[in-house]
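Each of the next two complexes has chain A plus one more chain, namely chain B in the first and chain C in the second.
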Partner chain A sequence: MSVFKDAGHLFRFAGLFVLAFLLFLVIRHFVVPPSFGQYGHYRGAAMGEIAARPVKFAGHETCEACHSDVADAKKAGKHAHVNCEACHGPQEKHATSDDPSATKPPLPDSAVLCVRCHTASAAKPKGFPQVNPAEHSNGMPCDTCHKPHNPGMDAGGPK
Partner chain B sequence: MNISRRQILILLPAAAVAWKSVLAGTPETASNYTMSDHWWGMLIDIPKCIGCGNCVRACAMENDVPDGHFRTWVERYHVSDEDMTNPEVISPDGGKEGFPVAEEDSKKYFFVPKMCNHCADSPCTQVCPVGATFVAPDGVVLVDPKYCLGCAYCVQACPYGCRYIHPVKEVADKCTLCYHRITKGLTTACCESCPTGARQLVDLKDPKDPIHEFLKTHPVQVLKPQMATGAKAFYNGLDGSVR
Partner chain C sequence: MSGVEGFMYPNEYGLQWSILIVLYPYITGLVAGAFILASLERVFHVEAVKPTYRLALLTALAFLIVAPLPLQLHLGHPERSPEMYFTPHSTSAMAMFGYVYLWYLMAVLVLEIWLDYRREIVLLSQSSKGLLRVIYRIMTLGSSNISERSLAIDNRAGWIVTVIGIPSAFILHGYVGFIFGSIKANPWWSSPLMPVVFIFSAMVSGIACVMVLYMAITKLRKQSIDMRCVDTVAMYLFYVFIIDFSLEMLDLIHRVYEADESFRSLNFLVHTQLYIPHIVIQIFLGTLTPIILLGITQVVHLPEVVRKRMYATAGCLTLIGIFAMRWNVVIGGQLFSKSFLGYTTYKIGLVSKEGLLVAVFLTILPLFILWALIKLLPPWPANTAQAPAAGD
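Coming up: the complex of A and B.
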């Protein structure tokens, strides 16, 4: 052991390094979230947290589970592929409520709703049905003549 | 048993490393949703877009997007045949309330809905200094609001301008592809409320998804393909003037 006779100060110094490393491991253990690095250089649990945010648009399948009559009426017409909440707005609260009648959505105002899509503009695709609202109906509400769920004139006129 | 000081010095760090792997625990299991089974993207069919702004409003309602900021927005292009490189582009309030009526003239018009492209090789996630934004194993680019410092490197790095700093939370915010919806089997709020089907959520790992047939039979392009971002917002009928 004569080689190490005068090396005590080196071992003490090395010991300090090891202690510092241990301290680093302990601190790292407490500051790095457990799921960090689970899938990559990020917190794996973040995805679960983002996925847990509340839903507001219930989805047309949910609507159709109760309102099958409207779904059937819609299927026959030009609005077949327009989903319920495109016009009626987000309805998750209404759909999951114990008393859906209490959270019944207000009826959309056809004067605002219909023109949003159907006002004639040169910017819209040519095949899309569009009218100049003032000329077309002379100020009458759209639902005087068109049923919103099946708007074709052959579908029986006023709702 | 006698353990020398030297043996302790070797054993303790080894024990610490072993203990850490014990504490790391098992990965979380989400109900009925396996990330590795999906690779999400979006199909945007420009000839179908009527510029109604339903997607912008639905996104803002679903995700509480603050006024003046957008996770998705719609642009209206007005392009003359002589000067394709200088289109007139408008997007009043992101197209949230639609667009002013356009009169027919010699130039062409079309609408371009924009959103996060959920790039597979995303520039935004590469610049994050803290690992707060990432491409999830199912292909969705997400921000971890608890880890984000709000340094806005990612806002600058996104070539599509799809990120913003949330004015209240002061962290980066962006389209999550409605991650809280698609993991429950619903479509995104913008797709749900699009009246013409101009937007379609697509799952490239689902062999039954109609996207495969669509990509095969249509001239589809991504935005800024020269940047090689691996963008997954596929545009059908994309005009060369779109930037």
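Coming up: the complex of A and C.
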């Protein structure tokens, strides 16, 4: 018995570990959401929450249903694979509205929008059109010379 | 873009891992190394290093407390970090490190220090006053049994903890090496030798750190340095350093001979941007110079004062060299494009969240914690204070 008595402090230390572990389990019980692990290593309820969010993008097929002239111009140019809402922003409200003219999106500022993709960078492939905006246009909006839906200089824009 | 040459992928412009991630393996390495030094006395009965035993344990604890701080500061949402414990993912190397860290902190280091100091803690809980008395009483866990038999049990339990602690220390730092070595997308890191190199470099830095701290603290205490102890520590440092350097050279030779598709890019990096930190600081200043200094002390009988200066110089250079090694691994591994066609640069901020001032603070912080730990748990018995030796 004296061994247990002389080793009593070790049991106290072990008890501290057990207490810490129990505390960990209690905290874990309260901080881990109940649906965690339902489908995988994430909160299962998040799926429902995300699905319940309002839709914001209409999709290019919806845009093309009304704006077929723009769709035709775009198909012929280098921006054929750029989605409408990539430049014009999410348009679900505009597309589903009874009066689309009331929710007409503002025209993007081409001096700001175009340089996001076309500013020269060493990381871009050499074939990708890229310029130093200050040298290239001296602050003029890009759509002075380029038509955004079909931006090639031979596509009808000023020479 | 300034600082970028050739072709870089967009996510390679700026470095994702900053100087704080350099500190993380550096500090963890000091912990593991200091513990291995402590185990020399406890498990392998190297009596000569006894004066550094407790200091090594406290040093390991001081640095281990600070080890996760660089990671916390690096995170965008540090408050989410406990989730790593609550919902760990088995494929996350970092989540598993959380458990390795906690195991090493609580089951090895704190337990060993508590067992080793229990007699002093009980005595201090009876002799001290005020807040200190409360702290010591809490530390006794309500047991004031310091009978010969209970201390013998402590001694035996401490030995077992140290025996478990040695592989734990290896796992702790080997795991840090594994975190880098297992990133197969990065040829600078991806190597099965990485955990082994990390373990030995950890031992080198930890032993050097305790040696320098022991000499500095003894000097500050105006006591005489136990030269038998420092000579032995320096001898172990020398041998471990030889193994560490051999492993690093083996890794280098393997890379040069294999010369895979990344070799030209990495070779260019080592001869340009990494020339100063890798070739000059890490290899010549931080590895070869201390090995030569330590080697001279092993083969030539030198006066005590010369040996002290050589050990101090070798120790400080070793710490600089191992820091450079961590820098070259962490920063070097992010300077080249995975396309092997471009390079970027790392510009360290001064006062930013991951800047130089924060890094300096985190490097110094363990020394303040060590000072507090030494005040709380003095590593040396008060009655063995010796008179300062001549020439000190």
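The rule is simple: the second predicted complex is superposed on the first by the 106 of 159 C-alpha atoms of A that agree within 3 Å, B and C clash if a C-alpha of one lies under 4 Å from a C-alpha of the other, contacts with A are read in each partner's own complex, and residues count from 1 in each chain.
One rule holds for everything that comes next: a residue touches a chain if its C-beta (ideal position, glycine included) is under 8 Å from a C-beta of that chain, and two chains touch if they have at least 3 such contacts.
In this text, all values refer to a predicted model and were calculated from it rather than measured experimentally.
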| item | value |
| --- | --- |
| Which of chain B and chain C A:Val55 touches, first, second, both or neither | first |
| Touched partner set for A:Gly8, first chain B, second chain C, both or neither | second |
| In the superposition, chain B vs chain C on chain A residues touched | B |
| Partner chain in contact with A:Val31 - chain B first, chain C second, else both or neither | second |
| Partner chain in contact with A:His41 - chain B first, chain C second, else both or neither | both |
| Which superposed partner A:Ala122 touches (first chain B, second chain C, both, neither) | both |
| Which superposed partner A:Pro90 touches (first chain B, second chain C, both, neither) | first |
| First, second, both or neither for A:Leu16, with chain B first and chain C second | second |
| Footprint overlap on chain A, comparing chain B with chain C | 36, 41, 121-123 |
| Parts of chain A lying in touch with chain B, wherever the complex brings them together | 14-15, 18, 21-22, 25-26, 29, 34-36, 38-57, 59-60, 79, 81-83, 85-87, 89-90, 116-117, 119-125, 128 |
| Parts of chain A lying in touch with chain C, wherever the complex brings them together | 2-3, 5-10, 12-13, 16-17, 20, 24, 27-28, 31-32, 36-37, 41, 121-123 |
| Of all residues in chain B, those that touch chain A in their complex | 9, 12-13, 16-17, 20, 23-25, 27-28, 30, 33, 35, 47-54, 58, 61-63, 76, 78, 98-99, 101-105, 109-111, 131-134, 136-137, 142, 144, 146-147, 176, 179-181, 183-184, 186-187, 189, 192-197 |
| Touching residues (chain side chain C, partner chain A) in the complex | 1, 4-10, 12-13, 82, 85-87, 89, 106-107, 111, 114, 118, 140-143, 145, 147, 149-150, 153, 157, 342 |
